[in-house]
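Letters are used for the chains, namely A, B, C, D, E and F, taken in the order the chains are written, and counting of residues starts over at 1 for each.
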Amino acid sequence: MKDINLNISDIANILTEQSRQEAWSSHHCDIPMPSIRVLSEIMISLRAVLFPGYFGLSKVTTKNMNYHIAAKLDSITSSLCEQIMCGHCFDCSGDKSGDSICINCEKNAKELCLQFMRRLPEIRRLLSTDVEAAFDGDPAAKTHGETVFCYPSLKALINHRVAHELYNLGVQIIPRIIAEMAHSETGIDIHPGATLGERFFIDHGTGTVIGETCIVGRNVRLYQGVTLGAKSFPKEGSSEQLAKGLARHPIVEDNVIIYAGATILGRVTIGEGSVIGGNTWVTTDIPKKSSVFHKDQPIIKSV
Amino acid sequence: MKDINLNISDIANILTEQSRQEAWSSHHCDIPMPSIRVLSEIMISLRAVLFPGYFGLSKVTTKNMNYHIAAKLDSITSSLCEQIMCGHCFDCSGDKSGDSICINCEKNAKELCLQFMRRLPEIRRLLSTDVEAAFDGDPAAKTHGETVFCYPSLKALINHRVAHELYNLGVQIIPRIIAEMAHSETGIDIHPGATLGERFFIDHGTGTVIGETCIVGRNVRLYQGVTLGAKSFPKEGSSEQLAKGLARHPIVEDNVIIYAGATILGRVTIGEGSVIGGNTWVTTDIPKKSSVFHKDQPIIKSV
Amino acid sequence: MKDINLNISDIANILTEQSRQEAWSSHHCDIPMPSIRVLSEIMISLRAVLFPGYFGLSKVTTKNMNYHIAAKLDSITSSLCEQIMCGHCFDCSGDKSGDSICINCEKNAKELCLQFMRRLPEIRRLLSTDVEAAFDGDPAAKTHGETVFCYPSLKALINHRVAHELYNLGVQIIPRIIAEMAHSETGIDIHPGATLGERFFIDHGTGTVIGETCIVGRNVRLYQGVTLGAKSFPKEGSSEQLAKGLARHPIVEDNVIIYAGATILGRVTIGEGSVIGGNTWVTTDIPKKSSVFHKDQPIIKSV
Amino acid sequence: MKDINLNISDIANILTEQSRQEAWSSHHCDIPMPSIRVLSEIMISLRAVLFPGYFGLSKVTTKNMNYHIAAKLDSITSSLCEQIMCGHCFDCSGDKSGDSICINCEKNAKELCLQFMRRLPEIRRLLSTDVEAAFDGDPAAKTHGETVFCYPSLKALINHRVAHELYNLGVQIIPRIIAEMAHSETGIDIHPGATLGERFFIDHGTGTVIGETCIVGRNVRLYQGVTLGAKSFPKEGSSEQLAKGLARHPIVEDNVIIYAGATILGRVTIGEGSVIGGNTWVTTDIPKKSSVFHKDQPIIKSV
Amino acid sequence: MKDINLNISDIANILTEQSRQEAWSSHHCDIPMPSIRVLSEIMISLRAVLFPGYFGLSKVTTKNMNYHIAAKLDSITSSLCEQIMCGHCFDCSGDKSGDSICINCEKNAKELCLQFMRRLPEIRRLLSTDVEAAFDGDPAAKTHGETVFCYPSLKALINHRVAHELYNLGVQIIPRIIAEMAHSETGIDIHPGATLGERFFIDHGTGTVIGETCIVGRNVRLYQGVTLGAKSFPKEGSSEQLAKGLARHPIVEDNVIIYAGATILGRVTIGEGSVIGGNTWVTTDIPKKSSVFHKDQPIIKSV
Amino acid sequence: MKDINLNISDIANILTEQSRQEAWSSHHCDIPMPSIRVLSEIMISLRAVLFPGYFGLSKVTTKNMNYHIAAKLDSITSSLCEQIMCGHCFDCSGDKSGDSICINCEKNAKELCLQFMRRLPEIRRLLSTDVEAAFDGDPAAKTHGETVFCYPSLKALINHRVAHELYNLGVQIIPRIIAEMAHSETGIDIHPGATLGERFFIDHGTGTVIGETCIVGRNVRLYQGVTLGAKSFPKEGSSEQLAKGLARHPIVEDNVIIYAGATILGRVTIGEGSVIGGNTWVTTDIPKKSSVFHKDQPIIKSV
């Protein structure tokens, strides 16, 4: 590409052309794309209605919170409904270049949004168990409130439990964006498809990855750098191609603890009550109430 | 929970009830909760007074910085004092539901805040040694200024050295929030209780965790993914329950280097001048001037 | 340091004095320092011209994007030119304390900025291949657009490909700041000096580090926690001191896959088409089309 | 004053000294002064609860407005209460320099604020009659809504009816600030002490002044540049000194129209149903159902 | 109305009920109301495209302005189109309570908006003559640019010439809102229906009012406090009721000057080249090239 | 002008061409134009240093104000210096199209700015007398502080006394912009050239105009709608053309009161201690201690 002496106008034309040529690279219909800024505001509001006082207006008390929750719920409903519609149109934007609002899309989005809003009390209930689990699981935690205020685990779980509901309702793209917001903020990367039971807690959390088809039981605790991933590493000679949508991530049963840096790959089951040690590499089923650790002993020499 | 046909008003009522039922879940007295937004502004201002020009107003020079530092210090004092009081009230909010400002709390907060402000020159002095250490420790660093501008290590240490002073003064909840801000921004998770000596440096840093009762000496360098944690992994058959507040994290003596991904657990001592290799797993004392590495050799096959 | 009874004014004076004493610690000439806020706005605008609709104004369509791209390019040019000049002055600020604008610096900055702008179409072309690679490489990706919207890999690569061009043009400090912005947002730490081929993809990405002198081929895929670093760990008894600027990071040839947590250190070459397994530790050349994995088997006991 | 060679620091010291020397010129106690910014936000919120949709959130409909009104009322209560207290402290700041919050002041402020909030429905009812009057009184008005959206009269009356209630409750300084906000926005200057009946309307309004002790009846219409002032102009030889607080402004009875530029001075009564012509100068009582006009005929010459 | 002991919730309910009861008082359909905030942003953008550099981005030069004008035009088109539709729905909101977007309304709004945009060059041409007139007409003006930057006349005329085009196109409510914005900012109140010729200038301007059916010729100059109004003042005994929409304001022919405080009422014609003196009261036709002044001589006495 | 079927791109081109064709209409060199936004921020800061607590940070007390004043003064100096330079370049932009920063301009601007800053204590002293005058002159004023907080007179005088100093220093365009800001906010239009003595007060103020060459003595009080203008109205047959820069506005001696709506035109002198009645029209010298009133008596009839 000869780029000597291009001026602003030329560069703009080339960039425009590049965006136009690729079907996926930008929008062809009049419905705007989902807006990361708007979705970010929605999540800020959702945090404020789920844990009033901790997030949003710090002056909220038990006496006056009802007014603010109702107002925020109304605003969330209106914004989220629009984003759900944008998300739907975005996903089909490569296929056709419709010019008018799809009436069904709009109706659909409203219905999906309403269904989601009705799930908020259940989301709140689950998060409340997560708060308990965090308090119980970290010797450094002094109050329940501290775990809401300061723990990346809870921030990641608010986003996840919201994204997971939207994912289950079949909402397009939006759940992924919400999950990635939490990933960016906390270093915890949970795919919205993952199913997480009550009382879930991830301590520290940076680098932990939980894959799309994971199923995690009740009262499970993870640490930083844990991977619950797909066994995509080809064994000797084999060529196992991962088909999309297959169950390919671990099942973790109730009351399991997985320490920092452990890697669990493939559709294996970690049995109830097991403890997986740090830095271990697990690619097979683990029986109930097992303890798994690695045998590696470092070599120590004097310098 | 039957959630068919709930409208905004119903959902708001349920969420409000949920927040009211749990003692910890929101505020019962009239003092507002600590505000993450305000604390975030305080940290922005503190960075600007500690490293004027790098953070805050980019036009500050050695000639005019005094005016801006003084004005910011005054604003910080006023905001921080309020947050310290909110933090105190927050921590006792579950126990009693007082309705009026606790006069002692307010006085206390002022006194604590003032004591903290007087420690700023010492915090600045320590951070200055950290800048030197970063410059000396990274072959890619070209100027001292670059390490202030671009290194996550310094950002994490500004927050830590501030949070640690507040922690030592007995300030509630606020130090944890400040620490978590740095964790979110840098991926480096240092508990405000940890004691870190001069000339501390963490290269890259993502995923590094330093526990509450760690004591780290002078001139220590860490890399990404290092854990200085508690040995909470139960040995075979044993059941060591971690009591809160016990010294449970490593002591790292002067001039130690710990490479990426090393895990050091429990109240062990890493002797002066030792080098801990990457990916090692250390749960015992290491003598002075040792070098520790893991013996793992990968298996290489042709595909 | 006796700090009893210091008031705001005293503390400001001490902090000012501390900043003045250290040559690096703040600015001595009248050119302002580079501004992280302004550079952050520049990156927001650059994302919007490279992927209009995804970033920036969500209402942009293929019909109207040209206007907005041109206007943003003009604003970017003006802001970036100023920052490049500030970056240059920053780097020489310790040496001399000039009082007037260096005319050559200003001219130079304009020329460098213009050269950078002309490289944008090439940057866009490379990123377009990265989008393809992300879509092909992740079974969870449903549309190309999703990889632009949600994948930290692409965000890190936008910043990197921009920073790398500026680095190649000899721009001071600015490339590092841009790289660190992506590091903070994604947990992916790529030094602006690293050379990355087409179709590059990092899945999840948290904790991945790519060093300054890395050379990465075409169609390479990485996962989270991968280190492409310098072999700074001293072997037994040896004392290899890393000289600045030497080629000290790996060469990764085309079509290589490196799984989560792998550590590759030193100026070694990973041969074309090889697969490096998770958690491996590689410090030697790897022949083409090899598969590397670690032999570690965990020990499993019942609790 | 010798001001050669003053630098920033000197100038700051002089300005500080000037502010300190004058009892009134700044604050001596720890309660902050009333904040114009906060009061401005309060008025924005009050407009939004009184005329939802017109002011504030444009998406509000009759279905969802209740949530937003309640949340805004709660926020207004909290902010206004604080400002009322600041206003009280401000007014006594010249007299004593108390250092602690006056407990009575705080209680008082809460009580006054609550009493004001309870008057909002009555304020709304009065404003509703003003809207009717504006629609009936201006041949250019096409809908009632237009008079809410576009008429300075209504904006001035919202502020006035709010300020008048606060004035009646004995709130210090705040009512004047609110009145001046409307003056700045509309050019209509109504003292908060003025008593205005239902269905009040001022067309165009710029330059209209209504004094503190005015009493205006029902269904009165004014135009721009009307003065309802005090007869402070000394007649020949006389020297009538205006004592503070005396009734010194006109009484305007029901159904009066006063055209542009009319000046009515002193405690005179404009009788029911009268019409005061433009540019007239009235300093005596006017009987009921009078029409008053000036006899001035211009002189016309050809140039 | 008994308002003792009302709490926030009760007050919110009453206010909601009040807004619901009055047909005009708020919105009944799902199309949001016109937004003063959005319209204000549109006017800021329109000023920036009509006089680039003076308004909006101060760095715009003749070289780069094209990009910014195009981008702003596109944004204006999109926002204005939406506001035009909201304005239409607003005006019919009292009559029916439609629930879905009127497809015709949307199409109509787009068409009207496009027609308006095409008139911008003509609006710019007219305003350019107004700038010339301001420079020629004020001995205090030193450069043409000064009249754009500082003269309320031009600000009022930008809004008026924009609002007048929209008014002519039949756009509802929006033109009035735009006119009132200028009124609030400048104290000059021009009804969007008024027809103003080239080279129009109002010096100082505060309090000047120009009515809906005024027709003003070329090169006319006004001063502050001038009223071009309707003769609504009933003559002795008469009862002339103003019918809506009738031509009821003055016709001012070319090259007329009207000095401060002059009042001209009714459908009279001020003949070409006439000069109307300050404070005069004119309710009859004035022949061409007349000079009109009032004969009032003040009485002077020594105190 | 044929405007059918123009699209955005065409309209942008025409508007650009229009701006390019007129010498005055936009900028030809690289120095940006003065920025109304920046100047507005400068005035906000200046108000805060002149009356700390009233404007700006409401928490400022006599104890801590020194820090904030110094920091603001430094920021003002830097911004104002830049605007002064922009103002200079703006005024010569029509004549030549220089491409580089005029070194002399920059130096000059710094010097002018510094001289202005040194005048701030004198400006503050004058304003302090204005506060006294406002308190003494308005029976409705209850405290001195109220006159600072609420009186448009003081806001207009802060801007005027600042603008007048800049005007005297020969600063281009900036003083006019500052004056117009006050005009827009208060309806009081004072040309920056006007010389106003101590203890100046304008009650209500809307519509008052004070011309460029006015000289006003000590302790003068004005009301709304007063004009101190040029006698530009041609007397019968005469043709007095106003030359630019001539002394053409009134001289008002000490202790004069001028009531609402009075018009004083031409270089006449209002003698010491005189009282000018409302609505009077004065075009001749008035002896000392005169009282002037108009003889107009309205005609009163019953309807």
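As a working rule, a residue touches a chain if its C-beta (ideal position, glycine included) is under 8 Å from a C-beta of that chain, and two chains touch if they have at least 3 such contacts.
Please read all numbers here as calculations on a predicted model, not as lab measurements.
Novice: What are the mutual neighbours of subunit A and subunit D in this structure?
Specialist: B, E
Novice: Quick one: which chains contact subunit B and subunit E both?
Specialist: A, C, D, F
Novice: Report the chain whose CA-based centre is farthest from the CA-based centre of subunit C.
Specialist: Ranked by distance of C-alpha centres from subunit C, the top chain is D.
Novice: Among B-C, B-F or B-D, which pair gives essentially the same interface as A-D, with more than half of the residue-number contact pairs in common?
Specialist: B-F
Novice: List the interface residue numbers of subunit C and of subunit E, divide the shared ones by all numbers used, and answer same when the ratio is over half, different when under half.
Specialist: Copies use mostly the same positions to touch.
Novice: Quick check: how many Å separate the C-alpha centres of subunit A and subunit B?
Specialist: The mean C-alpha positions of subunit A and subunit B differ by 25 Å.
Novice: Hey, how far is the Cα centre of subunit C from the one of subunit D, in Å?
Specialist: Those two chain centres are 57 Å apart.
Novice: Subunit D: which residues touch two or more other chains?
Specialist: Residues 8-9, 12, 59, 64, 66-67, 70, 73-74, 187, 206-207, 225, 234, 236, 261, 275, 277, 279, 291, 293-294, 296, 301, 303.
Novice: If you connect every pair of chains that touch, what shape comes out? Choose line, ring, star, complete or other.
Specialist: Graph shape, chains as nodes and touching pairs as edges: none of the named types, so other.
Novice: Which of the chains are touching one another, listed as pairs?
Specialist: Once each pair is checked, the touching ones are A-B, A-C, A-D, A-E, B-C, B-D, B-F, C-E, C-F, D-E, D-F, E-F.
Novice: Using the touch rule from the top, collect the residues of subunit F that touch subunit D in their complex.
Specialist: The touching residues are 49-55, 58-62, 65-66, 69-70, 73-74, 77, 117-122, 124-125, 128, 131, 139-140, 142-146, 148-152, 185-187, 204, 206-207, 224-225, 234, 236, 259-261, 275, 277-279, 291, 293-294, 296-303.
Novice: Which of the residues in subunit B end up touching subunit F in this complex?
Specialist: Interface residues on the subunit B side: 57, 59, 64, 66-68, 70-75, 78.
Novice: If we count contacts the way the header does, which residues on subunit A are in touch with subunit E in the complex?
Specialist: My answer: residues 8-9, 12, 64, 67, 101.
Novice: Where on subunit A is subunit C touching in the complex?
Specialist: Going by the criterion above, the answer is residues 1, 3-4, 6, 8-9, 11-16, 18-20, 22-30, 32-38, 86, 90-91, 93-94, 173, 176-177, 179-180, 183-184, 187, 189, 191, 193, 206-207, 209, 211-212, 225, 227, 229-230, 232-234, 236, 242-245, 248, 261, 263, 265, 273-275, 277, 279-282, 286-287, 289-296, 301, 303.
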